[in-house]
């Protein structure tokens, strides 16, 4: 069945160690009997440059058009061998490997059985080689503009760093002014610089840079298209407009919400939330009656977030500095796992802030305008402590902003259990989303303090730069291909694709079919399996290749 | 038909290149042995394994099929391992319909650095398939 | 011979009707006993038509028995078991044997009965059945053909005052009124405040629509809870459930009768509606005690 | 679209017992979209049948083919050469697919592998629900686009029966009462008068079964 | 601006992340590693998954090591230290001292002949430390190899097919445009807390020991008796949040890995009882709240750090701690005690700070110049990545490494305009 197939098999006995276990020339002899195997080479160290040049020469001279390499694990040198095949003028995907070292000779001490298995593995690789298909490389030009959603400190920092990397950025902010939480916080402890100062320097940098185009009181409505050319519909005032971008960065942060029923009490003039306290601290000069004793309560409605204990520590120190009243903080587990937090915790204690740890939450009651708190102080072996105080600051749970849910579904982006962006998966950390070209930074996807949010900003800046800087991306064209004639457009693949890389497209301008965007596709092959019409074929892992590997089941060659 | 004792089951293991395949490599480099009749087939993701591939493996005479993917919530393609688990369940029912014991196909989850776990799974499954005996498809039992 | 139900309705008297469930077989002994027990105590006797989709002795047959023994029957007809031709034929026959009252029902669905695989007809629904009676009265059948000899019926329908959601039920009620329904027998009523609200709405619609409040005997607290969850449109207030719970083992039916009696007396005294329809569902024996308890 | 479901394997095996060589024909339109009879399911069924026959030691060869639509004469005729090689044909099309094959190849036994269930639409990944019964006298204009004939168990045209239980149908607490949905939809559109109208008994013979539609030449 | 070169000091997960990002953006990277192979501390850690992944990111480390090995833009300079630097951003001249590793990574094909033939017993003198190493090079262990005990033996040198083994010292010099310091951390030596008995009692282990045990084997057995531990105690904050020994910071990783190990131990043998002694449970972090809720059902949490661990019998240890609920000292017996050791700054960061001229912050980690930038040092063109700047877990070290690379590219782009 010689349809122009010329197989070249290259065996490597890994510095002679594998030859001690089996006779490579016997394997060579058996392989040469196969009709479409034109060349079998044995080498001692295919992983080194020297042997690879020899291999390249053999491929060219013998006119080999399918290469089989039986050596160590493909995870190590598959890329090098693909480069060798390419440099010999053959398409780099026409390579099939047999892992006879890690998964054969190293794992099976019995020499006879290992030799037989190696032969089978090589046989399977040859069968697979017969169904290999070439995949061409193409360049796709991409739009170099980046869209940053959210004008808080993270969004601003990301825009600044993108402009340092010569990328044009559009910064969209829902409110009328930039700054987000910076406008609200009274101080940024443990960072020793004031929010006003930080905002001023950052806004100056934004103004000076010509690469940043700021769009305040504007909102992202919808996005279509794929990485490299997203078209984003943005609403501003009552007008809407569409603009194209290469990458999108979400830095929409978090909102806080006070849940009165969990606390069992309503806000009033002497029961306020952290944000109200921060306003008071910011305009501390006009505060008429200075509270003599202030009490913070955390870890009741939001036990595992870093945001509310951090704001408790910050504001406790702020009160001590501004009002010098008695300050007491009630919490279950004080979160100090951030840079400088333990030091901040110690500074608070040195300034006289009292910390009480509880296991069952305190009972808070109001008697003639005064607040009374009864709590069992765990560190005093559960002794009942009653604290009168004239100002109680309660905790706010940090929750995702409202549009996370909406945008999460319209843009097919996975959310985590609490509804923040980015599913809980190690491969997505630190800033990736399930879709290529969409990134998350700051508290919109994880519970971060200021320094970690700024680290996210540099990460997304570099990710966007790496993606778009050259203006074009080299990609393997149609590595997973939809056959338009067979596609019934039943939308199963579009719904199943975890990276939303499949869009609908018109073919010869009337029939609707599914089309895979090569840039967004990550090659997992899920679509090929779910397609009820077998219309999708991944060229590197096609069904024929996988089924061909079963041919040798039962008989060891 | 080979004698019972000498029965060497043909087990096909679809290994996800992100985790199970590397775990097999780790087992090899740590010289941890496992039965040699485990035949590893590399796939980009456990989600690439089709019901058809598993059925065709049984048609070709496999005695047992393993699908080895990433741990849950650690799949690079997010839903690959969960889809694989559901497909293995479907293959169970398809095999029961045919009259082949559903326990001949199983799914396990691994991480790339769990070499010893790969070997333990391979040994356990090999023993279990030995008890079940050769696939009825092959021997026409 | 009892008075025609139509006259009783228009006489302004507090109308009392009850209901008989025919047996599942041909032994009519108990049926006759129930007829004799109730025929003189109530203004008219409904006869259920394969209630809850359970096959029984036919409603028409029982009505003939009541007629023979001097009672005033109300023929109940559902659209589940017969198509429009069969329904028309049955009405012609009923009229000739002096059965002048008919209650038009849609009927329960087939799968909740004891012939789950039978074909459910539903050629018509309760409203179309009402219209059919009017058409027959005008001397024509549903095919538009002339009849040799017309019929004359007092036709009524049902309504569920506490259905959830209530608005679609009221729309259907208005359609039934427009279709010329002369009397309505409601689903079981336990909360008279809700019922008053419904009656206020009805009176606003049309002064002389005759409404008979449905009274169902509570046999136990458990039955009350069951009806609350599973019987559509029935709401037994918790206070009544607790009251039922207080009754010991043997005295539960007695407590049910007491409650029913209290409801009837209150309806009558406050003239909330034009009468009551007592449904004893398998306990026809105690209907006289309920009547007595209700002071009728 | 037409939704169908595959028959259990032993029913199919009973049908084709004794044949040595069969052709399984898939259909590329409706049954592909509802994952019942597309090219993939043809392969799965043939693989199962081969496994079963090998297990029982009898010989069975299966040819596979999937055509664009089985309810199209010319497309079915294209199967001629494959049909001649086999003793029986197993069609994975809906009911309207099996019969053209039987008609075009009258001397060849043709068996259905699917149970055609209803005309419907997808509700979730792998879940389909009935939405139309093809009654021939569409009523949707009067109910704001919700079909009471399908979605109301009793198929009533005049408003809810007494069995509405908290907006759900009496016979299945999972199913919504069609007329509650219709009421909410019409109320939302301010067209409640459509529900207040009386609708006479339905013409059950609007389409004399089996139906036939003759349109004037285009 | 492309094909400029950058020096990355330290082959841990942070340095590797920086190197990969720089290489992917067209830079030539010299990855200098003090040891014979790259991977740093996290390379020997184990996967802590039970049914589902416990998000510890350890499995990302071998992946990145393989990527570095396969990337031609990154040249690995192992067994080397930076001994001098001159010039400034754009043209640093770095002097390296390459200690004799004796095996040339460019030539070694990791075929394993040398290990087979090496005469040293019981532990071989030349071996591959663990499977996924990069560069894939065998190393000579000075305290095993006979050559360093005066014997004239060169069995491995003669038999090496690739001629990769030679025994002399090579100084080296590099020209780079920028430097990223990613020298990582030291695991706190639990022996400094003598009362807790690490090093004296065989059944007192540290978090690092557990990592090694699970990485090689599949389950934990008591070092003293080989049985399965039934009653395990974890003691938190060993060497962290301890002003007394100068580590007044939270190491951020110990609560997380302690809970992950506790869940893994109970997954492997369900009757094992686990207790965790803590000061403040750090349960913040993505998705860790739910993980803690699951742990709370099966693991006993006791507030308060034990003061002493002593030996009751060869297989039994006694933990002395103040039971806060009763307010008195209590003793409980356990068969395995695990000390959750934290991250400490490297003792030798003094010399590197002196050589590079960068400042050391409080507690001995490198200091940053600008309070809002956790990578920039006081020397323009030298950046910090990973735990050498402060305690971090693996995902954050990766993120911090990428941040350092991002700042390098930004600074060099700004200079090029």
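We just call them A, B, C, D and E in the order they show up, numbering each chain from 1.
One rule holds in what follows: a contact is a pair of C-beta atoms (placed from the backbone, for glycine too) under 8 Å apart; a residue touches a chain by one contact, two chains touch by 3 or more.
Everything quoted here is computed from the prediction, not taken from an experiment.
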Joint neighbours of subunit E and subunit A, given as chain labels: B
Lowest number of touching-chain links that must be crossed from subunit C to subunit E: 3
Which of A-D and B-E has more C-beta contact pairs: B-E
Farthest-lying chain, centroid of Cα atoms versus that of subunit C: E
Euclidean distance of C-alpha centroids - subunit C vs subunit D, Å: 42
Chain centre separation in whole Å, for subunit B relative to subunit A (CA means): 30
Centre-of-Cα separation between subunit E and subunit D, whole angstrom: 62
Interchain centroid distance [CA atoms averaged], subunit B/subunit C, Å: 67
Shared-contact residues (touching 2 or more other chains) in subunit B: 22, 25, 29, 51-52, 56, 73-74, 138
In subunit E, residues with contacts to at least two other chains: 53, 55, 59
Pairwise chain contacts, counting only pairs that touch as defined: A-B, A-D, A-E, B-D, B-E, C-D
Subunit D contact footprint on subunit B (complex, rising order): 51-52, 55-56, 58-59, 94-95, 97-100, 136-138, 140-141
Contact set on subunit D toward subunit C in their complex: 153-167, 170-171, 179-180, 182-183, 187, 192, 195-196, 198, 200-201, 204
Subunit B partner contacts - residues on subunit A that touch it in the complex: 73-75, 99, 101-104, 106-110, 113-114, 116-117, 120, 124, 414, 423-427, 434, 496, 498-499, 522-526, 528-530, 538, 540-541, 543, 546-547, 549-551, 553-554
Residues of subunit B that touch subunit E when the two form their complex: 19, 22, 25-26, 29-30, 70-74, 109, 111-117, 120
In the complex, subunit D residues that touch subunit B: 8-10, 40, 43-44, 47-48, 50-52, 54-57
